[in-house]
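Two complexes come next, and they have one chain in common, subunit A, joined by subunit B in the first and subunit C in the second.
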Partner chain A sequence: MKSLSFRDKPLLKRLIAPVVLGVVIAFVPFVFQLSPYVLNIFMQAATYSVAVLGMTVVLGYTGQLNLGQAAFFGIGAYAVGLGTVAIGLNFWISLLLGIGVATVAGFILGLTTLRLGGHYLAMITICFQQIFDLVLVNWMSVTRGPDGIPGIARPSIFGYVLADDRAYLLLCMAVLYATIYFVWRLPQTRTGRAMRAVRENELAAEVTGVDTLRVKVTAFTLSATLAGIGGAFYAAGFAYISPDNFNFAHSIEFLTMVLLGGAQSPFGGAIGTSLLILLPEWLRFLKEVYLAAYGLAVILIMVFLPTGIWGLVRSRMDKYKKPVPIDVDSIPAFDLKITGNDPSPILKLDDLKKHFGGVKAVDGITLEITRGTVHALIGPNGSGKTTLLNVLNGIYKTTSGSVVFEGIDITEKKPHERAALGIGRTFQNIRLFPTMSVVENVMVGAQRGNNSIEAGSEALRECALSALKFVGISDKAELIVQNLPYGHQRLVEIARALAGHPKFLLLDEPAAGLNQTEKKELGDLLKRLRGHGLTVFLIEHDIGLIEQISDKITVLNFGKKIAEGDPAYVLRHPDVIAAYLGETSHATA
Partner chain B sequence: MNFFVIVFQVLFAGLAIGAIYALVALGFVLIVRATNVVNFAQGDFAMLGGFAMVTFLGTGLPYWLSIILALVVMGIIGVVFNLGVYYPLRHRSFLPVIISTLGASIFLQNTVLYFFGPQPRPMARVFKTQGIEVGGVFMDTQYLIILVVTAVALVFQYFLFERTLLGKKLQAPSQDKDMARLVGIPVASMIAFTFIYSAILGGIAGVLVSPVLFVTIGMGSMIALKAFAAAIIGGFGDVTGAIVGGLLLGVVEIFGANYISVPYKDAFAFLLLFIFLLFRPQGIFGEKISEKA
Partner chain C sequence: MPLLELRDVHSAYGNVQALKGISLHVEQGEIVTLLGANGAGKSTTLRSISGLVPVTSGDILYDGKSILRTVPEEIVRLGVAHVPEGRRIFPGLTVKENIVIGTSARGHIPQAQMESEVEEMYQIFPDLKRLSDSQGWSLSGGEQQMLAFARGLMSKPKLLLLDEPSLGLAPIIVQQLFATIRTIRTRGTTVLLVEQNANMALSVADRGYVLVTGNLTVEGTPAQLLNNEEVRAAYLGGGKRAEAV
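And then the complex of A and B:
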């Protein structure tokens, strides 16, 4: 029997090649006679790489631009420099201190800035970098100013001082390999998957149940921590540090390294770092313009090599990889886990309003949704349907009124908190995580807070595959979602919502853009969902579909409810017909 | 009495420096409004304007002609910038584009460094007279010019964007490129125009501030950071906000340098920014906006 387990090869087998290569590189200095100068370059590459892998996490995985990595690198370095030289602390204690300070600084900076998203982090990290630089240069009594700190000693392990460059380099390589392994495993973990979801579509991630702020702050803090570690080992390696080693130009260097190598893999980060440290040595004739060349390289990489060197290698390698067949029959049937038939309404809206300046998009809606029913929301374009949905799952803040879900007032809750209570959602213009695989997309849905499945990756994957089987596309599980046809992408989005075992599912125009066959399949799927007792609230323009599946219809016009009741009544209601056909209302005349 | 004279003196200088931040911040805001992208090289437009002006003055051309030529050069740089840095990435998300403008910033600074060398260059002032005294407050003529020119540029920009069809067309692409194209707006040329206009605006800031600060390679990045801080403090994307934020920042900075510490002068702006981010992240005039689903 084929298992549902990860990928094609077991972890150990996949590790053989990189481990062999790593050991060979690490022992090169012991086999060949290398000059101290070359050993220094190796040491720089190893310690820089650790900081660059921080960029892999924050930029490559999470899509947030950190332009102050050199400052965090500097915090680690100065902790070791000042700790060992000025205070006389042991290297290892200074190291921990440096990691601690870098981590706390990263956490505070991230928490204040990442609430805002977009361009803010990039600019604020530059500001942080500039302030750090000013402090290093001007706070002479503590930092020793522009002259820097000479005479930083090498650490010792079990009483053995690593004075020999080769022995110390071995320690740096060990730290680097541990970091690479950690960063390489990260994307397959819950947090790593959430990071990638944030990078791909932050809004969809939040609505699917990812605490996007927490994930972004985690990623940024982690990158600061790694920079601190790299900086600490750098300081002890070179014995001398000064503010020049940690200025903005170096932050740009870290950025270029991760972009050139490929931001989405730790191997890319290590390759980019090594290349950019070796290149200036090889291209000595460029010395005067090498920073200009850096700048030009950044633009060229963005235009011609968006996934970096490793991304290019990877895509070539993937061409020769045979797709793993999925044994659809061995996937267990999906259990929606709908329990009980509590007669109280699942959702209550009380005089809900959402105004944008003077525009009253939703203007005093009072509504109850009965558990286990399919409730349709219809109305002409611009009547406030999608706005209402956005208020329901917390994308928009309510102007006034309240939303009560299963007896809990959720009016002030964030979208991911609502997802954790069991509210699922799809979007009118599909919002998936485009470069992730189909099953990974759905796994993000399965890992929402409070989902009643086991926490392990295997359980998440099994749940995701079952949800895909339920919507009928489990054979596509390993494909990259952006390569699927439109109709299948809609189904992936529904599966993503279902994998979270929602008690209440919001669908925004699920039939939009589907052909006749696909529409019929969607109708059957919705009927099956109703058969399982799932409560569905959907916006739809296809009246035929609505008539078939809905128990109740609410009609909106100009942000107000104009009719409500069973399909037969509502669809013949004169006000509804008038609203759709644009005539003046008979009823009020 | 003496105290108030000093306060006014500092306030005047702060407003003048703030006006420069406001000019560069406006350039930011314009490009954000047209493309949804922050241009990291906006400050380098000021640096390039300064170097172009110094070069033309150095050849013995009259001041007014040098200004015109420097601004023409800036216009050309705007065209090249748009074609080389933005256009190839126009269909991608904002991250590659801002990284690309960052690369452009490093490229521009170091190319200029290669040709002009690291030494700061002095630039002649517009008027020979140092300044005039009003009620004990000494007003530097260059600062007066900065304030007047900024005011004129702002009024011009207000009319362009709020009162003309061209202004509306310039703003449409950032809202919805496809829809703008559908209603017949030439999106590519509107964006190109925005880059040219922003480059010239940056150039004006550079030409104005150079006699006060000297022309240096790094002048642009510091101005740009503060301008960005100004744009956030004012309320990102808001034109009035950029102006008020810029003036506020200039005043805070000069007061801080005068009364607290000179070496940390540049840090005050960033501290003010942190305070705003903590307590009022939407800025003075900003409204909280959320992405449309």
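And then the complex of A and C:
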């Protein structure tokens, strides 16, 4: 199984360089005589970085814009400030309180906002930030208002008070390193992969089986938690906090830090934070033009390094990375795991309607699909074929009528819940996760709910590779999917659906953009799938392909069924010829 | 003098070499088709001509003059229209607005003339007439494809670059579309056509080229290409798959 393992180098070996660098940085203050001022800057960089890594998760990995990170940072800081000074609690208890409050606030804000999608999160987080600021300033009896809280004590560990700046800094660095490690490992986990899928193509992620709302709320909550941790250590480090430290300008600063360093990696976040904190110090000699120079420097980095500083480093490093050879022979054969031959139809539509305002895109379709068959859906452009598929999938809510899958009414179910029942799907205009690798794309498909494979990343990867081998492109597994030619991307999409072991596969124009030879291969693939007992429902315009593979054809026109039956009957039906095929259809198509 | 001539054109996307020395010519009034597998460089050839992909070496002559240093907007003004693959229409504009926008490079056009030209497009694509006031996003995939084609025609191009025009269209529309391509030629438009549907493309073309991984391999009339064993094997679905695919 060696060839199926994740990386070319073992984890420990890859950790050596960063760990050595990290230890060196952490012990700099003990070797060189640094002024308290410089130590303060180090402390600020370390604690800010933890909050910025939260931005890496929510923005960099999941693609959601959070403009209120400073408020969550403030929650952590005020919990420690008020907890230790006003109530007299132990630092560690206050820390846990701060993390708890920040996490709960993040969860509630995320759960209520992320349902709406789009720009709402950005707007609501700005509002939250402003309200938080007003509360800090005006609720004097609790927060002590604009004066802030002085005299916050340093924590102690096993009775040893970390009063020495260097010792406390060491603690902050340890927290930062733990956070970096966690955030660095996250993308390779199930949740992390789902987050990236959401960022790359939310609709495709949902249809593939990712509970996108849950993933987004998880990312946002995690981001709030990290901000809370950073804020708590910040408060104890500086001994004094006031509302000014946690206003909107700081949220923007966190955003700038993560973008500047590179939002895709924790190293980027840490570099961006350190740079934005150190830059003003380096530029101090410029005196009155200092702010202009600072602004200019940030703009220049943003313009010339759109993926951040780490993005540049990464692309340089990737040039020296040798592609991992895939041992195709050692990949186990793919098993669709479809058993039994239940004679009942797998899918039943009863008088299904989908209207958009006055447009009756799907206007009363009643249809039964027999298990283990290839059923084709054809019809003129704009006759409602894709809309019907989107209703079957749950992307659109039905106007009326019902969809019953394997005896279960799924009319009200969300797309990812339908995927968990065994409905797979590909799209007319390919919807992959473009910057992820081929195998990662397919792994997202493999991790749908109820998929009958073993737990763990290795099993997911093995399942994904098997599915890729089944469609014949497992040698491309480690390539970035957007660099593949069109025809191969189509196959990746099919493999992604197959990896979830669907019982029912929806294909929207799978042959579009393929040449005759590739179409023939697709036809053979679909026949093999039918041989495994998979039920396929497909939209296609290539009549040659349809004739070759389909058991039954349904024809739509203006949202209504105009003909149904076996290919020989339907393709000679006068209404179908008039509306769809045209006079010379068989000679040319 | 050919209307369009490519001389040993090389181009690349980032580090990936896409075209490795393409030389071809398209005469005034011809319909020429480019065949080839996915990833062979057909779309890249069209994108190089319309200035969307930088050419690293070689030359592209249009009407006898090099257009290598010419920006895409200017190339459109010279009379080259590119109908891209994949339905790139304006989703927030109505069907009619999308069509009218195709005339942008032609300067001011009187209202009456504009109406009659739009009407001409509706005759070619009757479905678009019905959808005249619908917004672009609400169209089905195939309808968007028709719209992109109509928009390209509105610039009254001397040279029309068509990238996979039949993608996602119902057979009956594909037949109309290829009939339209023949009609366009009688209006004095020269056509360079990229198409997966090789049989269909060769049925309208005067000449064709076959592109394999960035190189031109075969050139000839439709009859010659249809009889070429290699071409049949690789692109017409007969026999074994070619090595280069």
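Of note:
As a convention for this text, the second predicted complex is superposed on the first by the 559 of 589 C-alpha atoms of A that agree within 3 Å, B and C clash if a C-alpha of one lies under 4 Å from a C-alpha of the other, contacts with A are read in each partner's own complex, and residues count from 1 in each chain.
One rule holds in what follows: contacts are C-beta pairs under 8 Å (C-beta built on N, C-alpha and C of every residue); 3 or more make two chains touch, one makes a residue touch a chain.
Every value quoted in this text rests on a predicted model; they were computed, and no experiment measured them.
Of the two partner chains placed around the shared chain by superposition, subunit B is the only one that A:L134 touches, whereas subunit C remains out of contact. By the touch criterion defined above, A:R316 reaches neither subunit B nor subunit C.
With both structures placed on the common chain, the touch criterion links A:L116 to subunit B but leaves subunit C unconnected.
In the superposed model, A:I543 lies in contact with subunit C only, and not with subunit B. After overlaying the two complexes on the shared chain, residue contacts for A:K13 are found with neither subunit B nor subunit C.
When the shared chain is aligned, subunit C comes close enough to touch A:L581, but subunit B does not.
Once the two complexes are overlaid on the shared chain, A:T386 sits against subunit B and subunit C alike. When the shared chain is aligned, subunit B comes close enough to touch A:I395, but subunit C does not.
Of the two partners subunit B and subunit C, more residues of subunit A are touched by B.
The interface of subunit A with subunit B overlaps its interface with subunit C at residues 386, 428. Contact residues on subunit A toward subunit C in their complex (touch as defined above): 356, 359, 378-383, 385-386, 428-429, 483-488, 509, 512-521, 541, 543, 579-585, 588-589. Subunit C contributes residues 16, 35, 37-39, 85-87, 127, 131, 138-143, 145-146, 164, 167-176, 196, 198-200, 203, 233-237, 241-242, 245 to its touches with subunit A in the complex. Across the complex, subunit A meets subunit B through its residues 63, 65, 67, 112-113, 115-116, 118-120, 122-124, 126-128, 130-131, 134, 137-138, 203, 207, 248, 252, 255, 259, 288-289, 291-292, 294-299, 302-303, 306, 386, 389-390, 395-397, 427-428, 431, 508.
Interface of subunit B with subunit A (complex): residues 38, 40, 84-85, 88-89, 92, 94-100, 102-111, 113-114, 221-222, 225, 228-229, 232, 263-264, 266-267, 270, 273-274, 277-278, 281, 288, 290-291, 293.
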